[in-house]
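My questions all concern the structure below.
Going in written order, the chains are labelled A, B, C, D, E, F and G, and every chain counts its residues from 1.
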């Protein structure tokens, strides 16, 4: 499955980058979400996969029985998801304000901070 | 014996889930499709969850399964109602206009 | 011991929380100042301890390394923390005059303190993922500070800043995932040991390059710097000062940390790339500055150019070169933050930052002129100011390894820096104001809040310039630690690594 | 006289006296050296080294300094920025002293740059004018270029010799000359010296520097600062001179500068500019002389150094008086002022005689020695002597133009109501002129006190110093002197015609000064064009470059550093893996191709659901729950914000092959890296610790949660800080609207 | 509701007897407690609405589950057969129930049962808009809804 | 077939059916044509994920999956509501003067 | 949103979600859940309510300014970490108190770790609501 997910991550990255390069902030945001997912999945896959055994200590035991999934990448991914949400929310609202304020979502037309020189 | 019961519940659940899916694909308009998803969809999921409850045979699990089913039945129709409202106002104007390709 | 490490991080957090809860009252600014002051004291204490002990480490949560998160300060970390606190303190005072009531109500002081906390955390952490977290703290706080005015310029600059920095962030995260996948650890010290056991060293280089790109964006090196000139001229002056001083340096710090301690297995490749990057960064940055006519835009491009010198120090990887990089880091933070603060005063006095449209500061505000000349000439590398020693060490290190062309570039870029600084001087200071305004420092509202930090930072430049010996010795000790991280590793992992 | 005017005079005077009392010691052949450590770890000391060379310079600096400062105290009296002027001038003087008494080359460099800065501030003193600003920048940049080269040279010297102490280096026989670094060192040091001392073709900043007030011109740009380059050549002479390279470089540059400058001097009608070019000529002559090692040339150099400083400072101050008292410096409007300005006229005449090289003035001795030195040049005496002859003859002409015509000529009407300048302005020219005459009559005084020790410092042996004497007998230099006067007078009478010819020639030919403007414009437009190309202001370009860089860097590294296809075993893929794979794939594709916002959001929802399923299948319930919750919130926010956002326009028909290439490339690279990473083993040391410690030590059964709130609580703390700041920032973003938007 | 609280108390006491406060024990205790209370009815002042309501709740649940199954089969039939038997229409049904919870229950149950789907309640809370799949006779559909689901819900909430 | 084998087979079959349903729902999501259709499809997918959780719980005996299902049952409809509300408001807006 | 059904459902739903979030928070140390998940669920509850009844009502129901809740949450989390100083331990060292501890049962655990998780919960709740409410009000 690691192999399949590696391919999937590649596909997510490719879609994300293509979307982010679309000169439209909304599409950029779509790409951003995909790319975040790809990064999270990379961490998850990087820690290797274990099906059907969540990292929980059963009642009355001192440690999990047998091989359980790698807990550390899960904690990292969880952190990354929440951080990613914060960043994404900001980016979304920024796009929203950019449209209100600049009247466009087309990044080619966003030339206030660096105006065209003649 | 339990295995057989669990299997029946599972397969029935899967069947209704599939019905719901085919329903939203095949039925002619959005309101009809909602009939499929709210009824067959909820039933399908519930049956599968009940199978899980039987399989795990713990009170705690059973309670959780009941909770899930109740929540599903509470929320699913509300969602349907919201979609319904939206589509009714949609239908009142033009039928099958692409949502926002304008 | 661990509380010496913890306090410089905790204090800005506490200040931030209090400032946020008090955001509707005018006390927020004072909370920020007091917090920064206490943070400065804590940083000085940390520095004192580290000077004595060399490296200190604290295991957060009492979980032994590499399992928990280790805060660790070697000399590099300690000096970066200290310089952050100094800059933070100066800017906190400056904010009294620069930050409007509305900005304060929207949470400026909380954002500012959290920014300081994020920067400090990044310097102190001994854990790769934790570094990512502090990067994010810093990043999102900088987002907030950047758009706090809410004008079109800020929004537009913000879009570019956010978009490009997010790409870097995700690259960083991906890199962490990959490196963890190869080594199974996140602790720098542990990583330094574990990377040597990795079979596929070539793949390690690939991952290293991923980090280089990610940190390269943060450090604003060629060709990844675009976000910086797109945004740094847009926010409040206090904000752009702290950005200019600190943010890119965190990227440089991360590059130094990773590429001396962890990724030192393929220097022939990685550091050669860095060398090219350094040269292009120096040149493109300084040419970009030559093209600008806005006070802050000129300064922004110079940040890039100066980052090139620091990367050059890292790329050469000789003791002297690293001394230069460290010296440059410290010097540049002080000087660049100061120049941005002065730009703010200049704007308030003359009504603009476009140098061709303002003027007259020399005639009627001579004190400001002196205050500008000191950091400006320091930046340009004139002796006996701090920038001279920084430039001298780097150039000497380059000549020592007989890279004539690189040394030529470093010197030529220095010349172009003079060119830009004198452009500001000739236009904004010497030239009479085109509208006949005669700017006068006496008319400056809340003058002490603006002059004290500026003068303080200028004095620091002069002190370093006139008495560089202790700083050079310090940088040498720092470099020795970087090139031989044994002490770092044993301190973090315990006596038996 | 204000304190601002007087204090510098007192400082300079005191320093002069202090240096003067060293004359007996130094003249006796001793040297003084004091060393204080400054930056020992970089080998930088504040080391004072006083020998004849230093002392000569120090005396000129402080002596002329005192006179010039006295002069300026009156000249600038009442000027609003007189205090600043005094500050800069005093700072300059101190820097200049530091330069000539520093033994440590890096310390010398520090002072070298300080003179550059103060010179910059002084040239730009009349900062309201464009010309002053331009000239100041030009001087700064030109000497700045040289300064940086010098720095490199000094570093190389330090590395080669192992010390920066010049006295030690000079004592090490041939340490530089025999090293492979010799050529670069000479080139770099001379680059510094030639720019500072304005040798062709780096000369053009100096005439422009005349934008500074006249005392500055007299002091910095004639007597002292521009001689720093000469000082440097003299100081490094023992270590660097004596090679053909040194000889020819200095000779050629010096000769060309000398001739070119004297011709150009003739072209000028502004007296100050004419003097500026004669300064250039003198600097050329000094350079030329320092190319050699013979006793004649070095004695000539040492003598001429002093001679020139005395008469040139005097003449500048005279021109300043003319300017101040008549309001003009134009040679064509000043006539017959001797009656109105008797003292000035006398001083001017004495200085001019010295400059023209008439006996019995010091200038004569200087010129004789120059000829002697030129003849002594081993290889090409005729070329050198010819150059000296032409330039000396022109000096005669210029002396006439500057000092004779304005005072004594009757070819025009004198400007009426001109009064003699006040005494502080007269002291300088008078004293300097008299000194020139005095040393001419009693050359021994100068020889024993300054010249011989200087020569000793330069070539290491005072015995080689040639005697200074007014009458050296009938010899070749004497004939050349006579030829000089004849040629000089002839040229004087044809000066107008010559000037016209010269103007015609120079306006047609290329001008360095115009070249400077073109260079500046070129830098400005070139950098603008480059910046416009790189920093386009278009986010798309930035992103293409950023992603493209990542792709290139990773692909290249993979190719060269980690070749080979990852060794994959038979992948263990279950059916549901494929189903999840397809689901995420479809979601991504839907997002990619749709032109409907909501469809895209739904597509993202599908991807999110697929991600959650991966987490469910591979045992990460906490992550799955979080993913689903966050996904839901993302949809909610999107749905709310999308209400106010425009529709997605269908992708324009623009060809996006580049975007596609980068995207696919990055995808492939990521996959390859990940495949390679996952084929290797993973170290589970950390995880094992967490599994065993979670319950017994941290009292939690959910290991993920224990990691979050205990093992790695600091991460979590930072993370919630991120969430909080995101909220604050978003709140600010939504509420902080400038007035224009609030309507 | 007092009896309900008492019942809960009995459940807790029951679990206390067993020394194990697990969900299973409490649930079991609740059933035992209910039976005990029902048996001991006279002790608490004669028949109470508590038992009736319990009966009605159970009846409603059973009826609903039955209806859900039937409706799902109906959907399945409809989906799987190619011909279209439906005759959909949007109907307006007057509402008698008043409280939020009752309206919610009625609308949800109607949505989950055969052939009907609640679309909206008018803002005056008096009319329910229903989408019916087989509305050959609209009035019949409305009547059956009113007499079925709505009545049973009303009965549950009657005092 | 032993009961255990039957169970294994059923789990597999159910999983395939649920996944197939997801795929079909996805087709509706992609096809639309109205916004409401897409929302219905997404809602359907949410319910199906709950089913997946159930199947995985049976397949692995890990009841932590039911927690995922519980969360989804509670909040899944929020997305539906938000999108439906968007659809409704969008219509109001489209009648307004700015599009 | 003037939907009777949604309003009725949302109230119920919000209460359920809040209770559920508290449950997820408290059991998080031993089963899936915890401060993040709890906070996210609680936020969802209020968001549902806000969509149904409007942000003004939702703010009223919340009683405190969401931003301040988040700020206080960060303070609580930091406080939990700093409490370790009382025992002379490093920052974020968990301190535990078991009420009614016996040989084989640890009793009811009270810990700074739980306080920390409560802080996390509040930050997530407050921050998300602050974002959602201010966006709602801006649209």
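We take it that contacts are C-beta pairs under 8 Å (C-beta built on N, C-alpha and C of every residue); 3 or more make two chains touch, one makes a residue touch a chain.
Bear in mind that the values here come from a model prediction, so they are computed numbers and not experimental data.
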For the chain pairs A-C and F-G, which is connected through the larger number of C-beta pairs in contact? A-C
Identify the chain whose mean C-alpha position lies nearest to the mean of all protein C-alpha atoms shown. C
Taking each chain's centre as the mean of its Cα atoms, which chain lies farthest from subunit F? D
Cα centroid separation, subunit A vs subunit D, in Å, comes to 49
As a quick test, compute the distance in whole Å between the mean CA positions of subunit A and subunit G. 24
Would you mind pulling out the distance in Å between where the CA atoms of subunit B average out and where those of subunit G do? 30
For subunit B, residue numbers touching 2 or more other chains are 15, 20, 22, 34, 42, 71, 74-76, 78, 80-82, 85, 98-100, 102
Using the touch rule from the top of the page, what residues of subunit A touch 2 or more other chains? 20, 38, 40, 42, 44-48, 51-54, 56, 72, 78-79, 82-83, 86-87, 89-90, 93-97, 101, 107, 110-111, 113-114
Where in subunit E do residues touch at least two different other chains? 107-108, 118, 120
Within their complex, state which residues of subunit A touch subunit F. 51-54, 56
Subunit C residues touching subunit D - in the complex, by the definition given at the top: 13, 20, 60-61, 63, 66-69, 71, 102-103, 106-107, 110-111, 114, 117-118, 121, 125, 129-130, 133-134, 136-137, 140-141, 143-144, 147-152, 159-160, 163-164, 167, 171, 174, 178, 181-186, 194, 198-200, 202-203, 205-207, 209-210, 212-213, 216-217, 223-224, 226-227, 229-230, 266, 269, 273, 284, 287-292, 301, 362-363, 366, 377, 382-384, 388-389, 392-393, 395-396, 399-400, 404, 407, 411-412, 414-415, 418-419, 422, 426, 429-432, 468-469, 472-473, 476
Over in the complex, which subunit D residues touch subunit G? Could you list them? 621-622, 625-626, 629-630, 632-633, 636-637, 640-641, 643-644, 698-702, 704-706, 708-710, 713-714, 716-717, 720-721, 723-724, 726-728, 730-731, 734-735
Which of the residues in subunit G end up touching subunit C in this complex? 67-68, 71-72, 74-75, 78, 82, 84-85, 89-94
Subunit D contact footprint on subunit A (complex, rising order): 1-24, 26-27, 30, 33-34, 37-38, 40-42, 44-59, 61-64, 68-72, 74-75, 77-79, 81-90, 92-97, 99-101, 105, 107-108, 110-111, 113-117
